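Structures are listed in the sections that come next.
Note that chain A is present in both complexes that follow, paired respectively with chain B and with chain C.
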Partner chain A sequence: MSTAAGGPAGGGLNPNQVIILGAVGGLAGIYLTMLNQAMDTTIFSFLGGIGAIFAAVWGADAVRRVCSYGLGTGVPSIGMVALGMGVVATMFGLTLPKVIGIPIIAGPIISFIVAAIIGLLIGLMSNKILMMNIPIMEKSMVEIAGAGALVMIGLSTAIAGSFDIVAIMPAVVETGFIALVFIGGAMTILHPFNACLGPDEKQDRTLGVAVSKGALIMALVGFASLAVESMDAMSGALTTIVGLVIWVVYFKKFMKNTHRDSYLVTGTGLLPSEEELE
Partner chain B sequence: MVDPIVMDLGIVALTGALATIAGAAEDLESDVGSQSNPNSQVQLAAQMNFPHRIFNKAISGEPPAYGLWCASGATVASVLMAKEMSIFFAIAIGSFVAAIILGLFSVTAHMGRTASQKRFKQPVYMDMVLGHVPSIMAHGYIAIFCIVAFSYIMNHFMGHPFPLPLLAFLWGIAAGAIGSSTGDVHYGAEREFQNQPFGCGLNAAFSGNIVRKGEAGLRNGIDNVWACAKFGGPLTGLALGMTVFLDNWRTTVFEGMNTIIAGLIIVLILILANRMVEVKARKAYGPYKDEDGVEIA
Partner chain C sequence: MIDPITIIDPITIILITLGGVLIGLGVHFIPVGGAPAAMAQATGVGTGTVQLAAGAGLTGLISAGFMYNNLAIDGIFTSVDYITVVASGAIGSMIMISVTMFVGQLIYVYGVGVPPVSAKVKKDPITGDVQDLYVSRGTEGHGVPTVSFVSGTIGGLLGGLGGSMIYVQLMEIVGDPSNMAVVALAGIFATGVFYVNAVLASYNIGGTIEGFHDPKFKRVPKAIISCLIASLICAIIAVPIMGGVV
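Take a look at the complex of A and B:
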């Protein structure tokens, strides 16, 4: 059962499968953007956006699982917490290699680990100090923070073409695009469950919304990268086009799933009669 | 030659005017789709055996939602301005893109939630989607355009150090928060529960029993925005307009410590005014009494 005030959420994919999908897919997308540096191009930046979509699906599933314990109005707050933890961990993790002089390749992994630690602390505080007593709180907060950090790094990399903080600072932070990365990333994680909340919520429909919304934000960050000097216009356009194509596919899928899951989808009509409601 | 302070105050007045329009449009947009606080009763209605034709759009809370629309609009506008498009068109196109995104989020929020209420037999009416989403986008467009525009004025003419997308994002959150706290009361407490005597409070037994029938036919989100445009919307506009105007006014007219003192005095006056309005309302309407004058709520 997956109600707004019920117990654990179920679905076709079990939590471990989604965790592997999100963490591996997210990190793979982010690390594959290193092809840019290897081939002296920026065309592979869109892979950062793809990685962000994988991570968003993971985040949305974690939100779905924790919020099924009756956190109806807390869904947006959980999403904001995710990216709040994510932004701190991302900036710390991506900057640290520069400060202590280790290869920048360690940056995303450090961010991911730091996010997990912050998530664990917040999860412990929620359960032990605030007494929320949600059985999966600690685990979920680790997952949400990790996913939040990967979404942020993925989207930032799609704008800057690299996860090197030297590239991200002028392209993402100083331009102010970090605002879009922050809130866009948060909405891809919090919106899917908030949009599909209810006793007859289905995992594939909810996670499909995460993909389509992630793709929409990916299209936007692709457009934002057009203003970044180090990026060529083709790379930004490719990120936008790939994002829009994924969005179209998953929006159609969402419509199909809505028709499948609804009591009735009708062009127009009166309210169900008393007899029908019985 | 115009005195620079007159010019500055003119700019301050312009930001206030834009914010007033933005606030009103923001609240009305959320009322079309029953976003934010009133949403819980719309959501509950179907579950309490009251199926309805009111647009149920729980994208997220209003502040994060408006943070996203304004950050998106400002991002697109910044890119277009960097490509040397005229400022007016850049902001207009940015706001249009953001309004489309708002429309897309509205569709998933409405259809997703309704589909998840299958066991309560709440149908998805496609004519509602087609009828409400353009209205949501239109109100949203006005709000986003005005917020991005006054953020641009603050950034460009008033020398605010934050870049445009970040500033628009912060003002989007502020607009959403003000819309959520000011205008929602009018819709949630008054319009949704017009079938209850004024001031009686919401008994738990009435949860979800919202007004579902209109003056003619079944009530929908567009009927609700018609009612809210008379009071809730303008009041929200006034609240956001005053916030932006007074804040910019004090930083324009005063300098240094005086700015902070002026801010504190404004807050003090507002607290006192709020208290006076509250006391006056309590005296005028008092506790809810039944026909025999016995206090029941």
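Take a look at the complex of A and C:
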């Protein structure tokens, strides 16, 4: 049962499977971009985008679980708060290694942990001070904030080719692409459940939208990375192409799932003209 | 390598936190009708809190940023400049929310054909006009009555003030408005803190509110505590980074 304001949401994959898929897949995608530095190329940047898609699926699943209790303010709010926390935590985590002088490899993990801590606090405040009384609020806020941070790092890495703040600052922040990453990342997390909610909401359809949404943003960040000097054009084009291929596959799947879940799909023809009505 | 302790300035953190609290407070003044208002079945503008607050808040941020970069580009930033910048941000927000409410009002009155009316009070606290007679049966008011319009404008003022305070404080840590990275980072941080506070406030409202005359407005203290904690954490995190990136 998963209505707009009902009980817990069910589905094929249980929450823990999605958490592992999102956290491990997201971090793996981000860390695999280190192949760029190892092989002195930028061609592996698209892996950051793939990581972002994994994290987006996780975020979207957390949103559908918490929003099936009914927030009273609409689904988009929770996606915006995820990326609001995510952007603060991401920048903190990626900058901290430079500030205190530890290896940059710790950056994404620090961001992830800081996002989880902010998420936990916001979840606790929502339940204890604002009295929202949603049983899974704390857990979901931790997940959504963590996923939000991973989506941001993944997409930024896909643009800059590295999660080192020295590369991110000129490529993502200075160019203003951070705004695209911010709002695009929020869309991947908030939009799937917002589009699919209702009594007939199914997990595979919602998460399919998350994948296609993430792929679409990935294609856009590929275009964005064409404008970055330190990236060669091939890498940006590859990110865009991989993103578009995933998008086509999952959008087709989404259409199929929509037809499967709808009661009836029928052509109604054109509206009758005035003479025909008389 | 920079010593993180030297760049954590308590005044900056306090002012950023205050900015966050002002945003949370401002959201409570904005007449948000949500989905019911989109069908003219509740008083307020027919969209969610976050969208309305963010629309107005981000406009405020842009007008504050424009003014800041004009005034601070010569390297001198006085307290008169500070007031000019936050005033510019507040007015930007007020214009945006007023335009949104006014155009929404035109659609409610001339498009949907409903009189602007509040269902929460019998008489408009500002004009004294009778309200309850004009509420359509089965609805919770419709349109944006005078009291809600005034309330929304106050909300824009507070939100814009808060947002621009955060932005200016973050910019002042580095004090270099010609550095694009600093401008972008301060902007996106201010946006992030803005969204966190706007959403916390909207969770406190729980969907719809008509303005300061709405009984739900009494819940404000809870939102202030939450926004205080959330903004404090964001400020503690944001301040060292702004100092650390350059």
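Operating definition for what follows: the second predicted complex is superposed on the first by the 266 of 278 C-alpha atoms of A that agree within 3 Å, B and C clash if a C-alpha of one lies under 4 Å from a C-alpha of the other, contacts with A are read in each partner's own complex, and residues count from 1 in each chain.
Criterion: a contact is a pair of C-beta atoms (placed from the backbone, for glycine too) under 8 Å apart; a residue touches a chain by one contact, two chains touch by 3 or more.
Small disclaimer: the values here were computed from a predicted structure and weren't measured.
Colleague: Mind checking chain B and chain C on superposed chain A, clash or fit?
Modeller: On the superposed model, which is not a single observed complex, chain B and chain C clash.
Colleague: Name the contact category of A:76: first (chain B only), second (chain C only), both, or neither.
Modeller: After superposition on chain A, A:76 lies in contact with both partners, chain B and chain C.
Colleague: Where does A:176 make contact in the superposed view: on chain B (first), on chain C (second), on both, or on neither?
Modeller: Both partners, chain B and chain C.
Colleague: Does chain B (first) or chain C (second) touch A:32, or do both, or does neither?
Modeller: neither
Colleague: Taking the superposition as given, does A:126 touch the first partner, chain B, the second, chain C, both, or neither?
Modeller: Second partner only, chain C.
Colleague: May I ask you to decide whether A:277 touches chain B, chain C, both, or neither, giving the answer as first, second, both or neither?
Modeller: first
Colleague: Tell me the contact category for A:226 with respect to chain B and chain C: first, second, both or neither.
Modeller: first
Colleague: From the options 20-28, 38-46 or 164-172, pick the one stretch of chain C whose C-alpha atoms clash with chain B.
Modeller: Only one listed stretch clashes with chain B, namely 38-46.
Colleague: Intersection of chain A residues contacting chain B with those contacting chain C?
Modeller: 72-73, 76-77, 80, 174-176, 178-179, 182.
Colleague: Flag every residue of chain A that touches chain C in the complex, lowest number first.
Modeller: Chain A residues touching chain C: 71-74, 76-78, 80-81, 83-89, 91-92, 95-96, 98-101, 114, 118, 121-122, 125-126, 129-132, 165, 169-170, 173-176, 178-179, 182.
Colleague: For chain A, which residues count as touching chain B in their complex?
Modeller: Going by the criterion above, the answer is residues 72-73, 75-77, 79-80, 174-180, 182-184, 186-187, 190-192, 194-202, 205-206, 209, 212-213, 216, 220, 223-224, 226-227, 251, 254-255, 257-258, 261-272, 276-277.
Colleague: In the complex of these two chains, what residues of chain B are touching chain A?
Modeller: The touching residues are 40, 43, 49, 51-53, 58-61, 64-65, 67-68, 71-72, 74-76, 78-79, 82-83, 97, 101, 104-105, 108-109, 111-127, 162-170, 212, 218.
Colleague: Contact residues on chain C for chain A in the complex?
Modeller: 1-2, 4, 34-35, 48-51, 54, 180-181, 184-185, 187-189, 191-196, 198-200, 202-207, 222-223, 225-226, 229-230, 233-234, 237-238, 240-241, 244-245
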